[in-house]
Amino acid sequence: MSATQQEFEPRIVAFVCNWCTYAGADLAGTSRLKYASNVRVIRVPCSGRVDPLYIVKAFERGADAVLVSGCHPGDCHYAEGNYYARRRFTVLRDLLLFLGIEPQRVQFSWVSAAEGAKWADLINDLTEKVRAIGPFEGYKELIAAAAGPA
Amino acid sequence: MELGYYPGCALKAHATALEFGASTEASLAALGVELKEVPDWNCCGASAGHMTNSALTRALNVRNLALAEAAGMAEILSPCPLCAKELAIANLEVNEDPALLKAAEDACEMTYKGTSRPITLIEFLHNNRDMVAEHIKTKLPAIKVACYYGCLHTRPSLAMGFDNTEQPVTMDELCRLLGLETVEWSHKTECCGAGFTMSKPTVVARLTGRILSAAAAAGAEAVVVSCPMCHANLDMRQAEAAKDAAVDLHLPILYLSQVLGLALDLTPKTLSLGTHFVDTTEIVARLRGEPLPVATTEAAGADGAEQE
Amino acid sequence: MKLELSRAQVNSEWKREVERRLGREVSACYQCGKCSAGCPVAYEMFHPIHAMMRLVQLGRKDEALRSRSQWVCVGCEACSERCPKDVDPARLMTVLREMAQEEGCVNADESDIYDFHQSFLSSLKMFGRVYEMGLVSHYKLKSPIKRGPQDMITGLQMMRRGKPGFLPHRVQNVAAIRRIYERTKLQKPADDRDSD
Amino acid sequence: MSRIGVFICHCGENIGSVVDCPRVAATLAEHPGVAFATDYKYMCSDPGQNLIKQAIDDHKLTGVVVSACSPRMHEPTFRNAVAEKGLNPFLCEMANIREHCSWVHTDNEAATIKAIELVRLMVEKVKSNEALEPIHVPITKRALVIGGGIAGIQAALDIANAGNEVVIVEREPSIGGHMLQLSETFPTLDCSQCILTPKMVDIARHPLITLHTWSEVEKVDGYIGNFEVTVRKKARSVDLDKCTGCGACMQKCPSRKILSEFNAGVTVPDPENPKKRLGYRTAIYTPCPQAVPNKPVIDREHCLKFTKGKCGVCAKVCPTNAIDYEQEDELITEKVGAVVVATGYQVWSVAEAAKDYPYIGYGEYGYGTHPDIINGLQFERLLSASGPTAGRVVRPSDGKVPQTVVFLSCVGSRDNEKGFTYCSKICCMYLSKHAMLYKHKVHEGQAYNFYMDLRAGGKTYDEFSRRTIEEDGCIYLRGRVSRIYPRGDHLVVQGADTLSNAQVEVEADLVVLATAIIAQPDAEALAQKLRVAYDKDHFFAEAHPKLRPVESQTAGIFFAGTCQGPKDIPETVAQASGAAAKVSALFSADELEREPMVAHVHRAPPPVYSHCFGCFFCERVCPYGAIEREELRDRKGNLIKTVAKVNEGLCAGCGLCAASCRANAITLRGFNDEQLFAVVNAIGEQ
């Protein structure tokens, strides 16, 4: 098991808001910070745009973890979007449990446009964390099924 | 009330600061505070330890803290701020860093949970100033004194965590509470040369010279201290200091515990006010509101003349 | 003075060791000199504190360890208290003092200070508490001609006042104290001067 | 069947050296729905763009994915490019394989695979992109300028001179700001008031400028082109129409011992009458004789009429009955199309306690309690002809002329422990000016300046500070000061000169602290009202540190001057003009084109009409009140149901509504469910 854990490269899907976290990730780039290549970023206008179903879908499609990241409280480009996002995900936790997805596979965080370093650390930490938890096997057969023409 | 007590070497009878020890114990007794000495305490290492081997110092002090903890003492009165500082720093370090705690525990063969805390005389009296106020028997006359804290009462602020680091006021407040008048002056927390009394007297003379002339310039008729080092340097080295600073100095150096004692009607003898280098007979007489005696003194550098 | 810098030196293992013991990166220091400005004994130093910090930044082990500065330091903590970058210069002094002893390069010009510390500690080691009479004699006997006459009068006057005491106070469990000494000895090269 | 074109950019070495671009192109060429895929060294260059245009023709592309740098960088570039070929710009998307890939990864294989997947995600998105038309909204050609300092004044004049209306809101009784308090200005030493007051008068006289002094912005609604601003006009207790500014009231006002904000709180003994001190103001006051408007306000905190209920002298002496004690605050609303924020700065105080911002203060400098330890602004007042001494340099304590003056740089600036990490930028220069002016006024005097680094970057700045040293003999000492304490009637300054490795002690008569330039204490609150970002020190954050220095992240809101960070006057004026130019450009069109990324509620022909069943949860979550109610009726006009409708003008496109709609009836254009699910689906493919 531990052997496979060594090779295991988690697939992490990140829904990030256009104004803070996406810009923060850009800053990490322009500052040439280095971090794990396991994350796939999906840009949305605001973390508040993220429908819980996207997250479930991501797991269904083989993600091992999902990250949702927006602006800091009070800094939301749309005033309060990130608050709604936050509330939504406190509710989502129960749903995840019900669906057999460990809640720690879903992380919510705040990264501002100025926090390139924080973004890099966030991705590294999350990657390590998920490596420790191991791959998400739950929906393997679903994935197999979906492997056909989707 | 009961209070853990770490006298430290300097205050133990027959040591340089015997006045400090005697007067502290006497006046606290008069305040109804029962001092419980930390069983079998050892020296804190003082400057020597601090200056040469921090691991040793840490272990020595953790031993004391552990002994106090075992004896159920949450607060340990350590009148000497040098001891207090060493205890406080050790406490801070081992509470922050488990590795350091482990090393110290192994070295002194004791375990320490980190529950006891050193407290200086100033801090203790200031925390209990209402109690002090109640016990005052005779308010002292409004004689101008300069409160000298020295470097260690407020530094390092992280460890001592008491009063304002740059502009301390607690000792002044206590002295005013006793009836004295305190002068605003510049050298409250300047260093006196501390541990260099023997090994680098020239430095001590230079630093104390500055401090004493500042106090004199501010119009102080005496300096109140709460530290054996400060006392040794300001009192014993006053002659050299005056020479170095090229000023005529004759400032009695009194311990806070001594002026407190006087306000509690304790006798100069109990407060061992007779063993200072700079003669104290006149200032003591004035403090007790007695007729001035004929200036009698054998102390070096002391020429009786009180006022400049 | 000319410093020939090398890559090896400015990134030396020694510099990292200093930083480890200091618990801070010395590059944080921007040499504002506020430490030296407030140092009560700066006038006694060839390298004031900020300069000592500078030597470490440049990895100048020898100059730093052999300097007098760390021994002249009174440990009043004013520098660290006011340091705008919290690089704790006072702590640096402690680190350099310990390293100097380990490496056996305590500056001989300040032997008075060093010997006094050592006499103090040996008295402590012997009794668990400091026996001032013993301490003073121990210190003076280390170089009787120079130190003997010092403070003769003061000494006499002290005795008249019953201080310092003639009889040592001792800790019951002196053995424990001795073992503390053994366990916290600075590991030092053979050529180092002994601590007692 | 969509025909997507994929274009992989090497960005020179930036991407090419880490990501195997040809391989990415080759792999994507095989991807279903991709009609053409290629790579090129610089896609953003002309040949690169032509490559894309050519491909659109040759391969009849229905969508384009450019995989290069961040869309925040070049999305507009490529969208315009495809638009030129008649392809709807919103059918072009970017995959970020530079900032998010090649620059942050070292393992070429992993980076290449990531790049392939990132591009694939965008391809899947573009497949379901829909052609969108930009939204057109009207523009109110009227600008609001918050703050009447030099930044606000410059911005207002530029905008007004371009022919558009301007509303200025200034919280003090007069415009002018800090610049009005300054004596001479570096590096040319022209008198600050002489160059500023004419501009202030222009403001007052300009037909297109409305001025609200003693007023503050209460609330900001709306969006670019269509803001609605609520302004609180604080009770002035003086009727501006009746008041002629004769000043009789100030002459007679009995409360004369109020520290003057204009004099930065500095007072000095009156040479005629040692018992009196100069520099105070009265309770009814104008900051200074050059005030605009030159009509007083009553400071109700100190006015006896309001504190004790008696007095009323000003009302008695006023020849035009302009005094009105009954006056109350008044809320007015102004419709504007753009906002320029020019709220300026404050100087930090080394005093011990402060609620508004966190700092410890400088105990070693006596917490600034000593009368002869003053800050830079106070020294300006002592130098200024309009100051309490009419320009004579004297000590606040005893009015004597200081023979030795010590200047300290970086008090609170560049001090992680007690102040702020940043450099206040102007101190080096103004201290060098102070030393020079002092020397010009006190020839026999000696100035010392403790500094850490002498920062004199700027046209003729270095020459200026050298003059202070070489011609006016100011002694510069490189080091911080550890302590200042009184000795006799002098101040002992204990510092260091790290250049000579020495401790230095100067016995000074006067000490001037260059305390940090800090953001206004209420900057955070204003930022919330305006929905603009601010940095850790509460200075407002520009949209891009290099390429969009005067714009905020919020469209239609611009910054000018020190509210965005410490600056000197030339920089402030330049930025103000820049902001004004942005506003004028915005106002040059009658309509505003906005990206059509807005929400949309489902509509369909009868019998469906709409999936929306009218729970109006969207209405609750929308931060912009963009959700309206629409009654759907059949042909006969019978009400079928009331459903949600989006006001595209107000909608900012956050998508909160879409994410919270229970019926999936509302969606966000450009980021609709279909697109995002397509992207998430693509995650699976390896």
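Brief remarks on what is shown
By written order: A, B, C and D. Residues from 1 in each chain.
Following the convention adopted for this analysis, a residue touches a chain if its C-beta (ideal position, glycine included) is under 8 Å from a C-beta of that chain, and two chains touch if they have at least 3 such contacts.
Predicted, not measured: the structure shown is a model, and the values here were computed from it.
Across the two interfaces under comparison, B-D and C-D, the one joined by more C-beta contacts turns out to be C-D. The geometric centre of chain C is 52 Å away from that of chain D, both derived from CA atoms. Taking each chain's centre as the average of its CA atoms, chain A and chain B sit 60 Å apart. Contact with two or more other chains is made by residues 43, 78 of chain C. With touch defined as above, residues shared between interfaces to two or more other chains in chain D number as follows: 364. In terms of which chains touch, the assembly is arranged in some other way, matching none of the line, ring, star or all-to-all patterns. Chain pairs that touch, as defined above: A-D, B-C, B-D, C-D. Interface of chain D with chain A (complex): residues 70-72, 96, 98-101, 103-107, 110-111, 113-114, 117-118, 121, 528, 531, 533, 535, 541, 553-554, 597, 621, 623-624, 652-656, 658-660, 668, 671, 673, 676-677, 679-681, 683-684, 686.
Chain D makes touch with chain C in their complex at residues 364, 410, 414-419, 452, 478-483, 494-498, 501-504. Per the touch definition, chain C reaches chain D in the complex via residues 30-39, 42-43, 47-48, 50-51, 78, 82-86.
The part of chain B that touches chain D in the complex is made up of residues 164-167, 186-187, 214, 217. Chain contact summary for the complex, chain C toward chain B: residues 40-41, 43-44, 71-78, 80-81, 90, 94, 97-98, 101, 112-118, 120-121, 124, 128-130, 132, 136, 139, 150-151, 153-154, 157-158, 161-167, 169, 171-173, 176-177, 179-181, 183-184, 186, 195.
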